[in-house]
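By letter and in written order, the chains are A, B, C and D; residue numbering begins at 1 in each of them.
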Amino acid sequence: MDPVEPGDWVTGRPQQLILLTGLDPTNRPLHNVLLAAFYNRTPDRPAFKVRLIAGDADLPQKTKKKKTRGILRKEWPNKYLNHVPALVVLFMDLDWDHPSWSEKLLEASSKTESLRNSIQHESRLLVVLLQEKTTSFPSEGEEKANEFCHHCQMSSKQLFVVNTAGDLSSHVGKLELAFHEHAQAFYQAKIKTIRSRSIPNNSPELLVRQMFKLGFLSELRQDTHTALRNYKLAYDHCQNSQNNWEMADYFEWRSVAGLLNYKICELYFLHNTPRDAITLMNKHMSAFFYGEPGNYPSAQLAGIEYSLWKSKQSWQFAELFERAVVNGLTAVAAVNPGTFLDYASTHFATANRMIRELKATSPISASYPNPDPLASAVDFYGQRPWRVGPLDTATALHLERAAIFALQLRLHENHDGLMTLLSAASMQYKKYGCPRLHRKIMIESGDAQAAAGKPEEALKLWTHVLREGTLPENLRLTLLNKALWSSYCNVLLKETMWSVIQLLRVEPSGTLDPLHQEIFMKICDAKTPANPFSTQLAENQVQHISMLWKQKLEESQFFTVNCSKLSTFVQVSACFLQTEPVSVDMQVPLRVTLTLQTSFPITFSGVRVSAYHCESSGRRIGTADDQATFNVFRSNITLQPFTPSHFYFAIDLKDSASILKEGHLVTIGRVSLEIGDRTQKGVFSTFEWDGNALGRERLNLLDLKAYGQQLSVRVVNMVGTITNIGDKNIDCLLAEIASAKLRLKNETNRELSDVRIEFKRSEQASSSASSVLFVDDDNELRGELELAVASSMKPGDEVDRALQFSSQLHGSVDLLLESAFKISGEKEVQKGRVALTITSEDPFIVRSQVLTLNGIPVTKVLNRSTHLLKVDLKSNADIEITRIDWLLADVVQNALSIYSENDLPSPDVLLKGDVVSYCTPIDIFSQEDSEDEKPLGRMVVFWRRCGSSFSVRSTVPLCRTVISTCPVSINVEVGAKIAEMRKPLLITYVLLNNTLEVIEATTSFDLTDTFMFSGDKLRSVRLLPGVPLRIEVTVMALAAGRLSFPRLTIRSPSIADSILLDALRNLPATIFVLPLAKEYQS
Amino acid sequence: MSLPFDLLHMEMVRYGKEKEAVARADYPKEVLEGLDKATSSLVYKALASRNAETNLESIGLRTGFLLAERLCRDLPRISTELEIMKFICKEFWISVFGKQVDNLRTNHQGVYVVQDNRFPCLTSFSDGTQYVKDAAIYLCFPCGVVRGALQALGIQALVTPTTDQLPSVKFHIHIKTKLT
Amino acid sequence: MSKQQKPVGVDAKKMSSELFALTYGSLVAEMLKDYEDPRQVNLQLDKVGFNMGIRLADDFLSKQAGVPKCTDCRQMAETLSKNVIPAYLGVSATVNNWESGDREFSLQIENNPLTEFVEVPQDLTSLHYSQMIAGAIRGGLEAVHIKVTTTAIETPTNTVIKVKFIEVLKDNLPAGED
Amino acid sequence: MINPGNGALCISIVGKENARLWSGLSDDASRVVCEVELFAHVSLDIVDERATKATENYLGQVYSDHLYKCFAYVSSTGVKFVLVTDSKSQGLRDSEMRAIFKKLHHAYCNAISNPFYVVGQPIKSKHLTEAAKQIFAQ
């Protein structure tokens, strides 16, 4: 009935059997050592199994086997493993020069003789002589050996001589190799004889048997490849003969096929070709797992037998597989030992089911038959105990019937067996990271437990799987129904509810099973629900169960279902309605959204929201999980199908202001719906959703609506802050004292005291912010600021405060002012931020240039000569200029400075866009005569905005100019203060040679008719370095008014005309001549 | 991008802005029941927090997600982060913005900078720095699109645009998590 | 980046129409999130369409100089179905259901690209998904001083735009959206 | 149950984080709904293992037992498509399978493009139902 155990022999590799005799370990230490050497086998040495026997008596005798039909004798492999030796080795202590040599010879021959006679199965006989001394002449040994062999009628190949004086282990090694050779020969011979046996009309049984024997002997020959080949042949024979099997023999054939398959797979793994093993196993399954179970001894029994066999097959393979893995094979999720354990358990479960059915359908009243038809031992694999030995049909039939009874009586569902298989499988799946497969096993385990009559266990498993979620829908529902069934039938109130509220969930389009609704409603108002499963139960069971329910519901029941990981009849989400941090004295509003996911309205006795307070890390503060810091509750709510209803609550932090610290989080930890009345008798059920569930409800991966997901808010001690609702962007002129009108509002809901505004350079985001200076209360400019704003402000109060500052940098600057204040009645100072942007521009644009004395702009000025400096200021706003100072460079001497060092007589008022010009004559005097640009210095402008009292001192740079060298500088002196008409006027031209060489030059006058002239018109002069040369001429103006000044020209071979021309340009262009003075003489 | 699309985009921006304006008005009154002044002002803020930017970005997010799914349907498998970024810069960019990006740089620590010197969504503005501020909102939708595409390919990323000279844009992609 | 201009397996033309359809879809979805009431969404879509229409009209007139000035509704319908809609929607439309003396007609848009992927759920039957097109037509016509009312109705097979002629506007300026 | 045609029994689409997106069953599967679904479900274990090393979206046959075979396809966006066929039907060639999955992926894209679909939630779409119907009919 149960699948056949192959026997111990299959475990472990087959080893060659060698019998030793003639050794006496107890009295002869030498022998003992020798024996020990043989006994301790190491893998590197030939695969022997050595056994010591006393003498021929212990040699196995041929046994007469009864002639019965069958494929493989169970005992056959043992025959070669434990009984029939490949070799029998006789040990003798015999030196060549033994004093009584001839007696010894006789003794030896008799021993060998008797052994030879009692040896069956052509086992080989070997003799080993143990000698103490070596002979000096090998030839002598030769001789003696021959003599010995001759006496004992054996070939010299069978004789070995070991010198016990020498190194024993090396001898043993040699011996073993020799033994091995002989043993191989022995098995080879066996194989030959077996192969040579002719098989009458190729009966498959015999063929298979032969192939198996060949295979096994090859294994003994340590020739696993040949073995594999033979086993395969045998297996193929089984498979091919499949169709001609007689039903009575199915079991036997399958047993053999199974055994062969096992051996083959084992060898595949041994040869490290696991793929072949797995393919073969799959082939094996498809070849042998889908046949007809047959109907012997009876249809049901055959079926059960078959499933058990399949299960066994898979399990055995799993064993091999796992062994291979232990030896270093790597398996994968798709194929691993678990896969086959899984199969095994499936078939095993089927068998259990069949047994259950069999027991249910045809219960046996008869007592166990006697004599036991299953008692007798069987010779063959898969042989039926009741078919051992030749029987006449009548007895056979009778026995058979008895056997069927016996079997059925013996049969029982083996739940433990199934559970072991399942747990083994699940461990494997865990190991290879297959969560879903693992879940599958858990479901099956659940079924097994249920079958074993342990509904609680089953439920545990099922509910666990269901919690994992992501099960295919139909599967999920079936599982839920199972859970409902099992919890209902076992009157488990909470579990029933657990299953039913999930089953209640339907699509808006879907249809609700009225049954589930009925159970739910009934339980809610503590009435016994009619048994939904009455069809599947016997009448008395139905009554019994509903009776139990009645009892249960009579006393009041409290239970809580945690719905967090389930998709149930209500969809719950919750969130705080704000993102900002909150202060301990505030109420935090939150919203709970409940959507009924079933098609009938439900009224709950209340919805409760529990919030916890956690450290900033999110770790809960406080001990017990159910100790919520805040609880808000609303009673009697009714939900309509599939319509979200929002409930708004406010958590008042004041309630536990004492424990809330800065930085804590307040987190919505649980929403629970209640049905029933805690105080009344009856059923009071609570359905809970914990934090993650509440957040998780949003399944739209692409939803950005951040605030909707806020499950916790951060607590800060800050109670609102102070904001500036006045000027935020101010334009000003560079360096002026501008003022910003701040209007500070108390946005907090508390009375504030000691409100100040501070500016700290260290706090600033923009580096340029430090370029702003502030006017403090004592009119001092300061880099940092601290301003008292108000001694106290009530909530909503507004205070104006002008902030005077001056920006030293043009462009716009962002300032971060800090507001500091105390909440009245509290020590520590609160801080807030007030942002301010300042954009400043220059008060005026400066343009400056150099002119000749005649007022002609020049790009380059002549060294050692006088010019005019002209500065234009174009104002950018309405300003007054109160004073200017010249700060001229040292190349310039300020010929005369007009209003130096004191204010303008009256300030120059400029409207936006006006231009004012200031001039001053300058003498250029540069030591080095380089042609590069020189700065002319700076100008200081004192100005103020019209109407403002603060005046600002701005320093502006003046232009740069090229100073060209001037070899000859020419100046003129006019003899009289006033030039009068028709009065002689002495004009002296002073020429100064600025170089170090003598300059030859000619001077000339171009005469004009406006002047009468006396002096040298044309004259050549020699200018000595540094010595001024005066050329005097006297002229008399013939007309009055502004006449062009008498012009001197000068030429010199050593100086370019252009330079001299420049020099001459400095002479006045015109001269004013008064008319005749007659009139006022008279 | 085609004219109708540009117009649609403009309209989305318009819609977003208008919505933001009215968002404050239409929050449920019962929220304020039994709340003190300070609190209700916070709620008010919270409910208004759905501003035009979020609105546009989430439109883009969905669009990008779907486009990416469609696009890589017809392309060989894309798995590594780099492959994904390449995909975004080539096939994806071309099919959404009608051109390849002009430059892709990375610090090999999950930060990528995608540069587009002539970004289609900005061509309606005159070049230069003058309108940079006004243009910002026209980058919310594209950001969403890129982010959506990344999300479709299993990358949670922060996408922020910077532009200092229209119509060129730099998208800074800061990869947060590669979900599996 | 690589030289290759067209990446493998990407049909730019198809994509751009998909881009439009998907973006529009996302916009509608967003609007539904903003307003629970589909009718509100219809209004918004119509507005979007109207504004687009005004601009598209300019574009159309600037490009299609050849199109004759519309003198009656039939001509207008003709232009819409044969020129305008193909130009901007990529599919043609057929005109039918003339009513109330040629003052009302319907434009049947076969395989409207906007609705390619759309499966409107039962509870949103009052939503006119393609109302943007209707709005655009209204806006476009208003730009050329023709006042009409339009609604878009989804049938299982196609999209129908019902157009009702109101009047010819006197003032020269196209009326902006209020 | 020897099945003509491709013996396709069940198609299921699973999104990121194993969200169940869509699944369809052929009429042949009606008697074994749960078994087939369960098989499709457990096959995902192997799909996950394969997908990590995959160089192509189509993963071929990933899993089989004595009743069913499972073929799988993973989009670059991490959406898993599995197709369960009954193990005795003469299987399809990979080329045909590839075609089938392309078709499915296409249908899937259209389905999620529906503006009224909320990304990440189970899909209801005529595109997919039709595609599946055709596949089952083959």
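The rule we apply is simple: contacts are C-beta pairs under 8 Å (C-beta built on N, C-alpha and C of every residue); 3 or more make two chains touch, one makes a residue touch a chain.
As the structure is a prediction and not an experimental result, all values here were calculated from the model.
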Most heavily contacting chain pair (counted by C-beta pairs in contact): B-C
Reference subunit B; chain at largest CA-centroid distance: D
Euclidean distance of C-alpha centroids - subunit A vs subunit D, Å: 28
Rounded Å distance, subunit B centre to subunit D centre (Cα mean): 33
Gap in Å, rounded to a whole number, between the CA centres of subunit B and subunit A: 25
Subunit C and subunit D, separation of their C-alpha mean positions in angstrom: 39
Residue list for subunit A, restricted to those that touch at least two other chains: 701-702, 705
Numbers and ranges of subunit D residues touching at least 2 other chains: 16, 113, 119
Set of subunit B residues in contact with two or more other chains: 58, 62, 65-66, 70, 75
Subunit D-touching residues of subunit A, taken from the complex the two chains share: 285-286, 289-290, 332-334, 339, 343, 433-437, 439-440, 443, 470-475, 478, 699-702
Complex interface listing, subunit C residues touching subunit D: 21-22, 24-26, 28-29, 32, 116-121, 124
In the complex, subunit D residues that touch subunit B: 16-17, 54-57, 75-79, 102, 105-106, 108-109, 112-113, 119
Of subunit D, residues touching subunit A in the complex: 12, 16, 18-20, 23, 33-34, 37-38, 40-42, 44-46, 48-49, 62-63, 65-66, 118-121
Contact footprint of subunit B on subunit C as seen in their complex: 1-2, 5-10, 12, 15-16, 18-20, 22-27, 29-31, 34, 44, 48, 51-52, 55-56, 59, 88
